[in-house]
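Look at the two complexes coming up: chain A is in both, with chain B in one and chain C in the other.
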Partner chain A sequence: MNKNRSTLRKSELQFFFLENAVIIVLTAFVVFMVFYRPSFRSWANLTTIINDCCMYGITALAMTAVIICGEIDLSVSSIYAWSTCLFVILCNSMNIFSAAVITLLVGAVWGLFNGMLVAFLRMPAFVATLGTMYTAKGLAYYITEEKPINTGNPMLATIGKINIANISLVPIVFLIVLAVLYCIMRYTKVGRNVYATGGNYEVARLSGINVKLSKIIVFVFTGICSALSGIMYCTRVYSGAATYGSDLTTWCVAAAVIGGTSMSGGYGGVHRTIIGILLMAILFNALTLLGVDGSMQRFIRGLVLVVVIMFDAISKAKKR
Partner chain B sequence: MKKIIALLLVIVLALSLVACGSKESASADNQPAAETSTNQTTETSTEGSTTKRIFMSAAYYTAPYGSPLMAAVEEKAKALGYEIQIVDGEANADKQLTQFKTAVADGFDALIYWPGDSASTPPVVEYLNSTGLPWVDINTLPDDSIIDQCTVIASNEVQIGRELGKLIVQYYEENSFEEMNIAYVEGDSGSSYTIHLTEGINEVLADYPNIKILNEPMYANFDPAQAMTITEDLITKFGDEIDLVVTQDGGMFQGAYNAIMSAGKLGEYGIICQGQDLIVKEKLLSGELYASVAQDPFQEGSLAVEVLDKLIKGEAVDAWTYTPTGPIFAADIDNYSWF
Partner chain C sequence: MSDYILEMKHVRKEFPGVVALDDVSFSVKRGVIHALIGENGAGKSTLMKVLNGVYPATSGEIFLNGQQLDISGVKQAQAAGISIIYQEFNLINTLSVAENIFLGRYNGKQTVHWKALREKAKALIASLGFDFDVDKLVGRLSTAEKQLVEIAKALSFDAQIIVMDEPTSSLTEKEVDMFFPIIERLKAQGITVIYISHKLDEIYRLCDDVTIMRDGKVTGNSTVKDISRDEIIEKMVGRSLDMEYPKRTVTPGDVILEVKDLGRRQQLKGISFQLHKGEILGFAGLVGAGRTELAEAIFGADPADRGQIILNGKPVSIRSALDGKKNSIGLVTEDRKETGLVLAMDVTENTTITDLKSVSSGILLNRKAEEKVAQKYVDQLNTKTPSLHQKISNLSGGNQQKVALSKWLYSNSDILILDEPTRGIDVGAKYDIYCLMNELTEQGKSIIMISSELPEVLGMSDRVLVMHGGTIKGELAGRDMTAEKVMKLAID
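This part shows the complex of A and B:
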């Protein structure tokens, strides 16, 4: 009996470590950095990490919802680039609040377009959003005449410089998006439908869930969040270009997966993605502080992603 | 039990971040990052070794031009007794800004900024100037609105374009063309380099109405494979109308050269490019490439550290140190470094 209990505890412990591998690794890494590299714990550095990760983090939260719904959106990087261009152009001719509203609406239209292709035409999201990715990028090149553009809008510079204890506007916007998305996914029918659609599409459809609407909603939200990330970028660098954000899609997918959201849909949570976002940002920051050169940084970041996904796979196998 | 342990781990993480951060935050909360970092710089210098440290964020870390440039920066920095760290800025201004903030917080003594594009440079330059640390801009020009606030080590890109233009004219005159048609392969549509080179070429060709660029702008993104595809398409479209193929760098020259060779047009078309790649040297020697235009990454990298060294020592420097440029013919190859 005791032997059985001990075996049970051992396997529970194993399962626990696998289940929480990312948090454990992140905690250990932070503790290591705190003692090994004192500059890591400086307030200036911590706020740099927070300000940096929240900008892409906004889109990563929305990407998590798409993945939970059993889909993927490859067009976020292009919608982001498009939005930086559109927003900067608009800022040069109108006030930034109107420019922001228009940019967000156009982002929503891009998302709606993706959602319609996937929900009504039953196109695989991979293919549909790949097409949108090229379309949005091409349009961004076209409207900027293939050049990076900037703006001298004084209001944008003022907003960009807003900070509380060195924390900029971006983390505040990130927290608002997180709160909204978390509440929608956790406490509303829409959120439950998204989980159900991603978990088993046919069962959800036969249960009377409007699966098409669920898909459209997550894509629209992703379009809006990509545009919002683009606007946040502009508040920091006052410029837009079709080339910006080329790594956004992979970054967002990585953050969601590291956070524990299943690529097969139906499982995960936007709040979990915070762990992925933090890990990516802290790793990027720490590698620079540790004096690791650029090539090795790419290698290590890739390696971490592979290891985390490996843990995820092992953990799922254990669950079964 | 599991939930408790998970919670504890999260609390440890949060406490590590907040508590350790708050140690310095008490004094640093209301200070800009730069002031905090200046304190730390002093700390590093007094507590650690006295070797000064240079930090470089390179926008085009993986570009063929970047490798010799960064090697030259490293070599010169070590020769002058500095420690150097170079990171990949991935042509992302915000990422580069973050990298610089991280470096400043870590107590680096001087900075080298290789921007991805001009338009996004103002906030980065504003931050770099706010740190009070010596820094230089390398290779990509800052935006016109803030160029007077920067110390720049770069080619005059428009001048490189003019040199290319002059070579085109020289080829035209040497071959006694009545009219000459060019297939022109450009780099990255957004980069100042591409824009300025084309500006320089157009400036020279404006006086020669019989020299015509056949195609609309075609961008190969400095990628040999894309340059090959574009050149193949141009050969299919224009065929024998083409007299000369011009590319904006040596990598794209390689792609264009392969396309021309596959089409059996070697010797029929003249080829001119910019660059000091080994393939350029080889084809100059074989006579298949008419000429190239120099933009020496070795000199540029080395010059950047020399200028930065002067700034660190408080010596006066020119606002813009030009990387030398000029035409390279087969006879001149021994005068240049190749990569």
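This part shows the complex of A and C:
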């Protein structure tokens, strides 16, 4: 009996390691950095990490909801780039709050467009959002005449300089988005329906759930959040360009999956993505501190994505 | 050589937190048809998966022809001559019969020898006493033909032992009659068949020996002719069941649902019937007769394009499942895993899925209220679950079915459409569901029951409508409700 119990423990332990392999490896890496590079644990560096990752993190949260709904949104990087351009152009002719509201609304429209393609035309999200990815990027190039544009809006500069102990406005906005999305996903009918739709589309439909609406809602969330991430970036650089944020999509998918949200839909949670966001941010900050150059970092980013999704697939196979 | 072709000794299998097989010993004589019977969750499938190398056993030994066998994977089991045919077929619909039979073994090193492949496939099918085009895509075959392809595939591995997991669960009575001689034929060829089934009739018709399992243990071993039905049932459920079908106690009242000349594409033509309050209306027919299609049309999952649905005297328009739900219609689908339950969710979430508004305070969900609802139905339906937050995929088939029913009871459906409500579930759970159907009709609800098990339709229904080719062929009531009359209408 004793022996049986220990074998039971062993298999549970194995399962735990497999489930959390990526998190464990990355955490080990962080511990290594803390001791190896003292500059890593300086307050200035830690706050930089937080300020940085919360910007992309906003979109990663929404991406998590899309993935839970059983879909994917490849267009976030382009909606983000488009939003930086639109916001900066608007800032040059109106106050920043109106500019922000318009940019967010346009972001919502992009998401609505994605959602309609997927829900009503039954296009695979992969294809629909790939199309939007090029469309949005193309429009961004068009309105900026393929050049980065700047703004000297004084309000934006004031907002951008908000800073409490080196923490900017971005983490605060991130926390608000996190709280809202978490509550929606966990405590509202809409959220539950998103889980059901992602868990099994047919079951959800046959249970009288408005599955099309569920899909549209998550894509609209993502459109808005991508735009919000873009606006947050503008508060730091005061400029917009069609080339911004090209790594956003992979970054968000990786963060969500590292956090434990499964690509197969129905499993996971937006709060879990926080771990993914932090680990992604720390990893790349550390790589920079170690002197790894930008192109190599891109390579590693791709690699992380592949490895993470590989583990997701393996643990899914094990669960069967 | 010993009499036994297969001996599994003291097999134990643990999953994290669960002992699925507890010291199971299972021996099968050479060249017999050996039934393995037990309620869902009794461990039959797990035992067969251990035999087939899908799961490694925690402890225990397996002997084949008296020699110890170390099975650590499906390939080794196949090489040793053990094949298993699952309830859900392992066939690829977009490939031909021949390709499916020899999937992954196209005899050339890199190329496919089409001619040899076809001829071998044809010979295998012929050895079963059938003849059909081996170039046909498997997706175009009937369930019975797919079954044949699976058997041919097993034979192509030179199988000595073929395990069949509820092979008749999706066959109609007529197809079953065609299917049994095939199994007899296998036996005549010296192949040993392990036959997993819930249906006692089949076991008495077909099998030589029987092993009964309950809760991961073997509770009985016998030759079939030396054991009575009651004994088998008792060993399966640990108690004796008085009757297979509880007595109907309700006299149907006024018409609640009237369907007039309903049709959809080529699938349904000129369907008209009435459903009364408190009635159980049975729909019999062969698989593919259009019964599921009709259910989907009434519920709105795949709406009708012609005709009228009249509820309580008022014509209604049902264009989607949402409309069906709004009109107090519920559909318990025939395939609970694919279309009935969200496997990633727990018992509570699957129960309240049809009506989250009633368990919300404002826009927020009230988890306590949800649990209360779930508990109510767990109690009412006698659902066996370790907790309200158990993942639905960890429950046995019968208990899953009870949750699938719960969600429509919770949404307060006046009309329940039950499509094969007892498919693949154990005797105990079946009886629970029959009693529940009676109870619901007492409360004034009306039930449309689609079932391919004739005794069930005849035993439970007040009236039976027989479908064939997308139309209603006839109505039977009272003394006319006999198996012969149903079959006569269903076949033509």
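Rule of thumb we're sticking to: the second predicted complex is superposed on the first by the 297 of 320 C-alpha atoms of A that agree within 3 Å, B and C clash if a C-alpha of one lies under 4 Å from a C-alpha of the other, contacts with A are read in each partner's own complex, and residues count from 1 in each chain.
The rule we apply is simple: a residue touches a chain if its C-beta (ideal position, glycine included) is under 8 Å from a C-beta of that chain, and two chains touch if they have at least 3 such contacts.
Values in this document were obtained by computation on a predicted structure and should not be read as measured data.
Upon superposition of the two complexes on chain A, no clash is found between chain B and chain C, which fit side by side. Once chain A of one complex is fitted onto chain A of the other, the partner contacts of A:M55 are limited to chain B, with no touch recorded for chain C. Chain A has more of its residues touched by B than by the other of chain B and chain C. Judged by the touch definition given at the top, the superposed model places A:Y36 against neither chain B nor chain C. In the superposed model, A:Y142 makes contact with neither chain B nor chain C.
In the superposition on chain A, contact of A:A196 is made with chain C only, not with chain B. When the shared chain is aligned, no partner comes close enough to touch A:Y134: not chain B, not chain C.
In the superposition on chain A, contact is made by A:S239 with chain B only, not with chain C. In the superposed pair of complexes, A:F299 makes contact with neither chain B nor chain C.
In the overlay built on the shared chain, the residue A:F97 is in contact with neither chain B nor chain C. In the overlay built on the shared chain, the residue A:F120 is in contact with neither chain B nor chain C. Minimum Cα-Cα distance between chain B and chain C in the superposed model: 13 Å. Shared interface residues of chain A, touching chain B in one complex and chain C in the other, are 12. For chain A in complex with chain B, the residues that touch the partner chain are 12, 16, 19-20, 23-24, 26-27, 30-31, 34, 37, 39, 41-48, 51-52, 55, 141, 144, 146-150, 152, 160, 165-166, 233, 236-247, 284-285, 288-289, 291, 293-295, 297-298.
Those residues of chain B that touch chain A in the complex are listed here as 2, 5-6, 9-10, 12-13, 16-17, 20-25, 28-30, 32-33, 36-37, 40, 58, 61, 85-88, 90-95, 97-99, 101-107, 116-120, 122-124, 143, 145, 188-190, 195, 217, 219. Taken in their complex, chain A has these residues touching chain C: 4, 7-8, 11-12, 15, 183, 187-189, 192-193, 195-196, 198-200, 202-210, 265-267.
Listing the residues of chain C that touch chain A in their complex gives 14, 16-17, 58, 299, 301, 321-322, 324-326, 331, 333, 338-345, 349, 353-354, 356-357, 360, 363-365, 407, 411.
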